[in-house]
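What follows is a group of structures, each given as C-alpha cells.
Two complexes follow with chain A in common, the first pairing it with chain B and the second with chain C.
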Partner chain A sequence: MQTDLTFSRPMRLLFLLPLLVVFAAFWLLPMGALLRISTGEHGGAYLALLHSPRYLQSLISTVLLSLAVTAVTIVLSLVAGLFLSRRAFPGRQLLIAALTLPLAFPGVVVGFMVIMLAGRQGVFSDLTQAITGTRSVFAYSMTGLFLGYLYFSIPRVVLTVMAAAEKLDASLEEAARSLGARDWEVLRDVTLPALAPALLATGAMCFATSMGAFGTAFTLATDIDVLPMVIYTEFTLNANMLTAAALSLVLGAVTWTVLSLAHTAGAQSAAPSA
Partner chain B sequence: MKKFLTALQLVITLLMVLFLVVPVLMSMLAGVTDNYAHGWRSGLTLRWVQQVWELYHGAIGLSILIALATLAITLVVGVPAGYALSRSRNRLARWLEGLMVLPVAIPGLASALALLVMYGSLTAFRTSAWFIVVGHVIFTLPFMVRSVTAICLGCDLKTLEEGAASLGATFWQRFTTVVLPNIRPGILAGALTVVTLSIGEFNLTWMLHTPTTQTLPVGLADAYASMRLEIGSAYTLIFFVMIVPLLTVLQSVSKPTGQQRGQRTNRMKQDQTA
Partner chain C sequence: MKLDAIDITLQGCAKHYPNGHRALQPTDLSIGAGETLVLLGPSGCGKTTMLRLIAGLESPDAGGRILFGSDDVTRRSIEHRQVGMVFQNYALFPNMSVRQNIAYGLRIRKAPAAEIKRSVDELLALTRLTDFADRSIAQLSGGQRQRVALARALAPQPRVLLLDEPLTALDTQLREHVRGEMDRLLRQLGVTTVYVTHDQAEAMALGDRIVVMSAGRIEQIGAPREIYHRPANLAVARFIGTISQIDGDWTEQGLLCRGGLLPAPAGTPPLRQFWLRPEDAIVVPPELAHLRGTVAQAVFLGERTRLSIAGLSNEPVTVDITGRFAPVVGDAIGIQIRPEAWQANLTYAEAA
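On to the complex of A and B.
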C-alpha cells in the first residue's frame, strides 16, 4: 500500500482518538459490565431464562411479530415503491412525501398514531360503530403493535425500494420483455433478483428494529409481552437486574446476528454481479 | 388485465398513504379541538396547546439543549474520526467502523442498561442531563461518522490535499481550508440527522432520565399515558412543528450532494474516456 503523504498514520490515530475514548468509556466498558453482571452466579440468569416459559414465550412472540412485520412491510413497500419509481403522474411527489413523512417519528409517537387509528376514540372505532353498532378497539394489543411497527417500517423500506429501483438498469427489463417474458416473469426473473440485496439489508434492519422497539409498546400497553417490555418490567418493577441484563444481551445478540448475516449474504450476492 | 394490476398498485399505494397520513391529520386536528369526542364541531381552540406548553415547556427546552450538546460532541468527535476513517482502508479501520455501529444495531434498552450498571452509582452524573447526552452521543455518533466518511470518499480529498501541500500548506491549514469546506454538505447532513434523532430519542432516554431530567419524548409518553387525548394530540402537534422542518431541510440537503456526487462521477467517467 502506498503511504498517505498528506495524512500520516500518527495523525490519523490522533483524529480517531476522541472516538475511541468516547466509545470505550460509554459503550464498550459499560457493555462489559452488563455482561459480567448477567453471567454472575455461574450464568444462573441464562439458565433461568431457558427454564422460564414466560421469557421463552415472549422471545418467540417477539420474533414472530417482527417476522410478520418484515414480510408485510416488504411486500407492501415493493408494490408502492415500484409503482412510484416507474411511473410519472401528477401528484407523484406528494405521494412520496406522504409515504416518507413519518421517517422522523419516534416509537412513542408511532404508538399514539395507532391509538388515533384503532384506539377508543380512533377512526376504526368510529367506523365500526357506524357500520355494525359495536366499537372495535384493537390498538392496545399485539395487533396494535403490529400496525405500529408497520407504520414505523414502511417509510424506510419504501425509500430503499425506490432508491434501488432507480439504480436498476431499465434495459435489462426491456430485453427480457423483448424476448417474450411476461410481466410477472420479468418481475420474478429480473426485477426481484436485482433488488434482492437492498431488500435483504432493509428487511434485516426492519426485523432488528421491530425486535428492539420499546417506545411503541410502551405507549400502547405495558402488558404486551414483547421482549423489550419484559426487560423493562424486570428492571423497573421487579428490580431484577440479573434477568434484565441477560435478556437484553440475548435480544442484542439476536438483532446483531440477523444484521451481520444479512450483511454477509448481501456482500456475497452482490459480488458475482459486480 | 394490465390495467387492473396498475389500478391495484395505485389502490394499495393510496391505502398505505392513508394509513400513514390519516392519524397524523387526526391528531393535529384533535390537538386544536375543544372536545374530540364531540368532533371538531365542538369548536377549535388553542387552549390545549397552551396547557401543554405550561406543563411541558421545561421538557421541550431540555430536549433542545440536549440535542445541541449532543451535536457539539458528535461534531468534535465524529468529524475528525470520519475523515481519518476515510483515509485508513486497513482491516483495523473496517473493524472500528463495524464496532461503532453496534449501539445502533442492538436495542437502545441494552445500551441504556449498560450505562446504568457502569455509572448508575455516580449520583451527580446519573441525575444530570449529561447522562442522557452521553446516551444520545453513543447512539448518534455513527450517523455523523458515516456521513463524513462518505463525503470524504466522494470528493477525492487526497488529490486536493496533495495539491495544497505542494503549495506549502501545513496540515492544519489544509484541514481548515481544504478538507472542512469540501466536506461541509456531509457535516450538515450528519448534523441534521443527529439533532433529529436526539430530539425524538426515547428508548435510551426513558431508562436514563430522572424526574428532573424529563425530555420531550419522555413528556410525550407521560402525556399519552395520563392526560386526555386532546393534550396528547396538542403535544404531538408541537413535536411535528419542531421535527418536520428539520426533516425537510435534511432531505433537501442530502439530495443535492447526491447529484453533485453523480456529476462528479460523470466527470470522472468523461475524464477516463478523454
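On to the complex of A and C.
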C-alpha cells in the first residue's frame, strides 16, 4: 500500500463535501422520492406496468430500437473509423469534420433534420412525389426515429473507433498475415479482438443514450411510444406521478444493467483468460 | 523437425517512398539454401526495408525481382509467400493462449486438428514451452515470449524464416543465452534465415554470412571473420568493432608517428595512417616497445581492461589487455603491433 502523502483525512473530506452535496441533492434525494412514489400502494404501479400492454410494448420497442441503433452504429462506425484511421487521402480531414459535425447538434436539431429529410415537406417526400406521384413520408415512424438516433450516435462511436484503431499494434496484423491470414481473417482474429473493449464501451454508451433520448423523439412527435416519451406524457399531461416514477426506475434499471454487463464483458476481453 | 531449405535471390531491388525517401538503393543479393544471413547496420541503413521486401510487407520499385528458389514471388503478398516472421516486439496475439498462438498458421491453412496438435506439441517441446502451453501471453517472461514467437513462425513450415531484431527486447544476460539456443535451433532446422540486427556481436555469433549495410546500400558481404579482419572499407571497419587511427609520416622503415616508429613489413606501400583494432596491440615494457605513450584512461571490464593511450598519435588510441593487468592513469606504457594487423590496413589503403 502506498503511503498517502497528500492532505489529512479531515481536509480530504472537506474537499469532497461539495461533490457529496451535489450527489445528495440531485441524485440521492430525487431517487429516494422516485422510489417512494413508485412503491406506494404496495408496489401496485409495477404490477400495473406488467399488466399494461401499452407500457410493456413501449419498453420492448424502446429496447429493440436502441439495440438496432447500437448494432448498426457499431458496424457503420467500425468500417468508417478503420478506414479513416488507416488511409491517407485528400479531403480526409474534411470528411472527418463532416462526420463528427453532428456532435454539435442536440437531439431536437437532429429530429428537425430528419423532418427536413423525410417529413411531409421533406426532400425525400418531394422526390418520391416527382417520381411515383405519391408522397412518401417516414420521419414520424420507427424509421425516422431510427435514422435520427443513428445520426446522433455515429460521430461518437466513429471517434472512439478511430482513437482505438490508431493505438493498434501494426505488427500484430502483419504477424497474422505472415502466417497466411487473409484480410477478413486478420479482421476477425486480430483487429476485432483488439478493438473489442473500446467497441463494448462505446456500444453501451450508445445504447444508454438511445434508451433515454428525448429531444429527437419529442421533435418527431412520433406515433411510437418510446419510454422517455411515455414518462413525459404520464407526468405532464396525465399527472400520473406513480406510473411515471415506476417507468423512470425501470428505464434506469434496464440501461444500468446493460452498461454493467458491457463493463464486465469489456474487462474480460481486455484481460483474456488463461 | 527439419525444414526444406531454398535459396533466395533479390535482383535490382530498390525501395523509395512517396515522400521521396530512398530506403534502399538498387540491390542484388543471393541467399544460399539453409544459410543464416545477417543484415547488419545502424538504424535507417535499409536492413529492415530489405527484410520487409523479402517478407512481402513492402514491394520493390519497378524492375526489382524476388525469387524463392525458381519461384518468382515479387508480386505475391505476404500471406501467399509462406514465410515465418519474428518481430522485435514478438507481436503475439494477446487474445490467444501459447498453444493457440503457435497453432494459428496451421489453423488458417485449415490443417486437420490431429496434425495441428502433433505439430504444435513438437514445437512446444522443441522450444521447451510444453509446460506453458495453456498460459496466456501476459503470463510469460520475455524469453518465453521470444520462443513462442519463434515457434509460431515455424509451425506452418515456412520456406524462409525472417527475424527482425528478435533479441533486442531481452536484457543482456538473457540475450546471450537465447542467442545460443537460437543458433542451435536454426542449424538443426536447416531453414534459410534472414536475420536483421544492429548488434555486431549478435551478427558475428549467428551469421553464416553478414551483410553490412549503410545508407540504403550494401557495404560488404562476407563471413563474420572476413568482415571483421578484412573489412572492405573503413566504414565497415568502424561499424564492426572498435578501431583507432594512428597518424604519421611514411619513411623507409615504416610509419613515423608521435609515439615512435612503427616498422612495416617489406613491400608495404606508403601509408599516412595506421588503423588499429584494440586486440591487435601487445603491451610490452616501454624500453622494448616500438611505440610509447601514457595511460590516459583504464576501464576494467572484467575479462579485460580497455586502455586509452595518449602520446601515440593525435587522438588517444584504444587498446585491450587482460583484466589482470591494472595500470594506473599516467603510467608510461609501450606497445607492439601484431603483424596480422597490417593486412587489414592494406585493404583500407586500396579502398580509399
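By definition in this document, the second predicted complex is superposed on the first by the 267 of 274 C-alpha atoms of A that agree within 3 Å, B and C clash if a C-alpha of one lies under 4 Å from a C-alpha of the other, contacts with A are read in each partner's own complex, and residues count from 1 in each chain.
Criterion: a residue touches a chain if its C-beta (ideal position, glycine included) is under 8 Å from a C-beta of that chain, and two chains touch if they have at least 3 such contacts.
Note that the structure is predicted; figures quoted are calculated from it, not measured.
Undergrad: Looking at the combined model built on chain A, do chain B and chain C fit side by side or clash?
TA: fit
Undergrad: In the overlaid three-chain picture, which partner chain does A:L5 touch, first (chain B) or second (chain C), both, or neither?
TA: After superposition on chain A, A:L5 lies in contact with chain B alone.
Undergrad: Of chain B and chain C, which one contacts the greater number of residues in chain A?
TA: B
Undergrad: Is A:F124 touching the first partner chain B, the second partner chain C, both, or neither of them?
TA: In the superposed model, A:F124 contacts neither chain B nor chain C.
Undergrad: What is the value, to the nearest 10 degrees, of the angle subtended at the Cα centroid of chain A by the Cα centroids of chain B and chain C?
TA: Between the chain B and chain C centres, as viewed from chain A, the angle is 90 degrees.
Undergrad: Please work out whether A:V190 is in contact with chain B alone, chain C alone, both, or neither, and reply first, second, both or neither.
TA: The second partner, chain C, only.
Undergrad: If you stack the two complexes on chain A, which partner ends up touching A:F138: first (chain B), second (chain C), both, or neither?
TA: After superposition on chain A, A:F138 lies in contact with neither partner.
Undergrad: Is A:R177 contacted by the first partner chain B, the second partner chain C, both or neither?
TA: The second partner, chain C, only.
Undergrad: A:D169 contacts which: chain B (first), chain C (second), both, neither?
TA: A:D169 sits against chain C, while chain B stays out of touch.
Undergrad: On the overlay, how many Å separate the closest CA atoms of chain B and chain C?
TA: 11
Undergrad: What part of chain A is shared between its chain B contacts and its chain C contacts?
TA: After superposing on chain A, no chain A residue contacts both chain B and chain C.
Undergrad: What residues on chain C touch chain A, complex-wise?
TA: 55, 57, 77-80, 82-85, 87-89, 91-97, 104-105, 108-109, 134-136, 138-139, 152-153, 155-156, 162
Undergrad: Going by the contact rule at the top, pick out the chain A residues touching chain B in the complex.
TA: Answer in residue numbers: 1, 4-7, 11-13, 15-16, 18-20, 22-23, 26-31, 33-34, 37, 76, 79-80, 82-84, 95, 98-109, 111-117, 121, 123, 150-151, 154-155, 158, 183, 208, 211-215, 218-219, 228, 231-232, 235, 241, 244-245, 248-249, 251-252, 255-256, 259.
Undergrad: What does chain A use to touch chain C in their complex?
TA: 169, 171-172, 174-182, 185, 189-190, 193-194, 269, 271-274
Undergrad: Give every residue of chain B touching chain A within the complex, in rising order.
TA: Interface residues on the chain B side: 2, 5-6, 9-10, 12-14, 16-17, 19-24, 26-27, 30, 36-37, 73, 76-78, 80-81, 83-85, 87-88, 90, 96, 99-100, 102-103, 105-111, 113-115, 117-119, 134-135, 137-138, 141, 145, 158, 161-162, 164-165, 171, 174, 196, 200-203, 206-207, 217, 220-221, 224-225, 229, 232-233, 236, 239, 243-244, 246-247, 251.
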